[in-house]
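The chains carry the letters A, B and C, assigned in the order they are written, with residues numbered from 1 in each.
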Amino acid sequence: MKLYTKKGDKGRTNIIGGRCDKDHIRIEAFGSLDELNSFVGYAISVIPEGDEFNDLATQLLNIQHELFDCGGDLAVTEYKKDFPYKTKESMIIFLEEKIDQFTNETTDLEKFILPGGSKLASALHVCRTITRRCERLIVQLQKEADLHPFVLPYVNRLSDYFFAAARVANHRQKISDIEYKRSAIVFKTKTSHEEQ
Amino acid sequence: MKLYTKKGDKGRTNIIGGRCDKDHIRIEAFGSLDELNSFVGYAISVIPEGDEFNDLATQLLNIQHELFDCGGDLAVTEYKKDFPYKTKESMIIFLEEKIDQFTNETTDLEKFILPGGSKLASALHVCRTITRRCERLIVQLQKEADLHPFVLPYVNRLSDYFFAAARVANHRQKISDIEYKRSAIVFKTKTSHEEQ
Amino acid sequence: MKLYTKKGDKGRTNIIGGRCDKDHIRIEAFGSLDELNSFVGYAISVIPEGDEFNDLATQLLNIQHELFDCGGDLAVTEYKKDFPYKTKESMIIFLEEKIDQFTNETTDLEKFILPGGSKLASALHVCRTITRRCERLIVQLQKEADLHPFVLPYVNRLSDYFFAAARVANHRQKISDIEYKRSAIVFKTKTSHEEQ
């Protein structure tokens, strides 16, 4: 059997448990997660040599596996007992821990920052915004289909993870984030002991 | 005459044989092919020095021309005899040959792989998934307009070409594709003599 | 307070002056400007060392600030006197000046060119086409909401700026743009004294 089957040449395709049009919002949603996954792959490929980013490299690779979990959960038309969902609450909690840790590693923030800096930081901002594009599509899909309830929170948290990770990348590479010069004070993320 | 005409500042624009809103699905479709074409340009720009990737470089440049052919065919409101379509069946057959050849050059695959690896492989996975985004938009356009019948199969095959090419890139750069660890056995692409 | 609030986990979110679904076209529009902004950040990160591109680097950084201005203007549900719009006509005029200057710096063009060349030029073409994606979304938003009238012309001009800038990048890096080989004569951009 060949990689290509030609069966999708008219515009319909297989999902898990059925068949649908390629422009169906379900395909749009998991297809965009696949696009995001590819950008995460690209971000990994621009990680600088050396041990300093071992943690990020491991986490990003794990996220690639998890994006497959999310995509797979969205590709199923109906929940079946013998085929359990793959996205776990523990994945969300792990992201939250890393966000808190990265937020503590970097300087406090009050204003929006320009999405950029090093190649790695820029690529992570690209990942952040594509994650948010995926989130918008999953919200749209959710209006017409029952979804596994952990996918949306995971994706929501993932964009905050990429934000925090992009800041850490610049910080470790001794690049200062540039504040948006006409920004209001928008962030309240003081570290816990300052907050009280 | 200047590059900018300001005539599109209200939201309408020219196509071949008419004028329409910029958010029309036709503009969305060929505009996305233009976006894809730019990413193919980027992928070419990260091809490593040396002769090893001459074949890929030539093919990707050809694909850039062919994406213009596809885009042009979608930009025409109605078929006119004196203005023939540019997308040819031979372009599809060429892609199929390359997919088969690349599939043979790489190891057999049973599980999904993480979209990543070298810079080039990652960029090709990005191309793959943006191609699929284009495909979804063309499927949507097809529901309300008569399209040249070769564009959709070309774009469908192109995403499989990018998949095969990304694997070849990693293979030639001695990078192993990483399997998605919770993947089922999803691929049936055994090389022909094993298949019988 | 933490970076993540979990309040958006169900699919709704805050804008300036209200709350709406995350898949609302307004969120789609400014979210895509944020994606574009990240790609501009990436383009900046691939600018070659040396003084030759100081002008471009400064301009691109300015554009990042201006994309926040545009995004902010789109994020407001209703105009309020005490909260003026940020996108200024002078920003559009500045882009036009740069487009004219860059067009004069490069060779005259008659045919479409392949979007590619150096890493920087390719990245600028990616920016160009994502700008056009944003434009399509703003046109869609405009059909249902009153928008600040300068945002759309700014974004329209910005895509032409990126086109001109991509050509300049290749030109200064001694890379020739490749013409689309089946292109008709589509451009009329002769420099003013030839035009008369």
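As a working rule, a residue touches a chain if its C-beta (ideal position, glycine included) is under 8 Å from a C-beta of that chain, and two chains touch if they have at least 3 such contacts.
Labels paired with UniProt names: A, B, C = Corrinoid adenosyltransferase.
Given the structure is predicted, the values throughout are model-derived calculations rather than measurements.
Undergrad: Name the graph shape formed by the protein chains and their touching pairs; answer line, ring, star, complete or other.
TA: It is complete, because no pair of chains fails to touch.
Undergrad: Counting residue numbers used by both copies over all numbers at the interface, does the chain B (Corrinoid adenosyltransferase)-chain C (Corrinoid adenosyltransferase) contact come out same (over half shared) or different (under half)?
TA: On the two sides of the chain C (Corrinoid adenosyltransferase) and chain B (Corrinoid adenosyltransferase) interface, the residue numbers are mostly different, under half being shared.
Undergrad: With a Cα-based fit, what is the angle in degrees between chain A (Corrinoid adenosyltransferase) and its identical partner chain C (Corrinoid adenosyltransferase), given to the nearest 5?
TA: 120
Undergrad: Distance between chain B (Corrinoid adenosyltransferase) and chain C (Corrinoid adenosyltransferase) based on Cα centroids, please, to the nearest Å.
TA: Centre separation, chain B (Corrinoid adenosyltransferase) to chain C (Corrinoid adenosyltransferase): 24 Å.
Undergrad: Specify, in ascending order, the residues of chain A (Corrinoid adenosyltransferase) that touch 2 or more different other chains.
TA: none
Undergrad: Give every residue of chain B (Corrinoid adenosyltransferase) touching chain A (Corrinoid adenosyltransferase) within the complex, in rising order.
TA: The touching residues are 96, 99-100, 103, 112, 114-119, 121-123, 125-126, 128-130, 132-133, 135-137, 139-140, 142-143, 152-153, 156-157, 160, 163-164, 178, 180-183, 187-190, 195.
Undergrad: Looking at the complex, which residues from chain B (Corrinoid adenosyltransferase) come into contact with chain C (Corrinoid adenosyltransferase)?
TA: 1-4, 6, 8-11, 21-23, 27-28, 31-32, 34-35, 37-42, 44-46, 61, 64-65, 68-69, 72, 86
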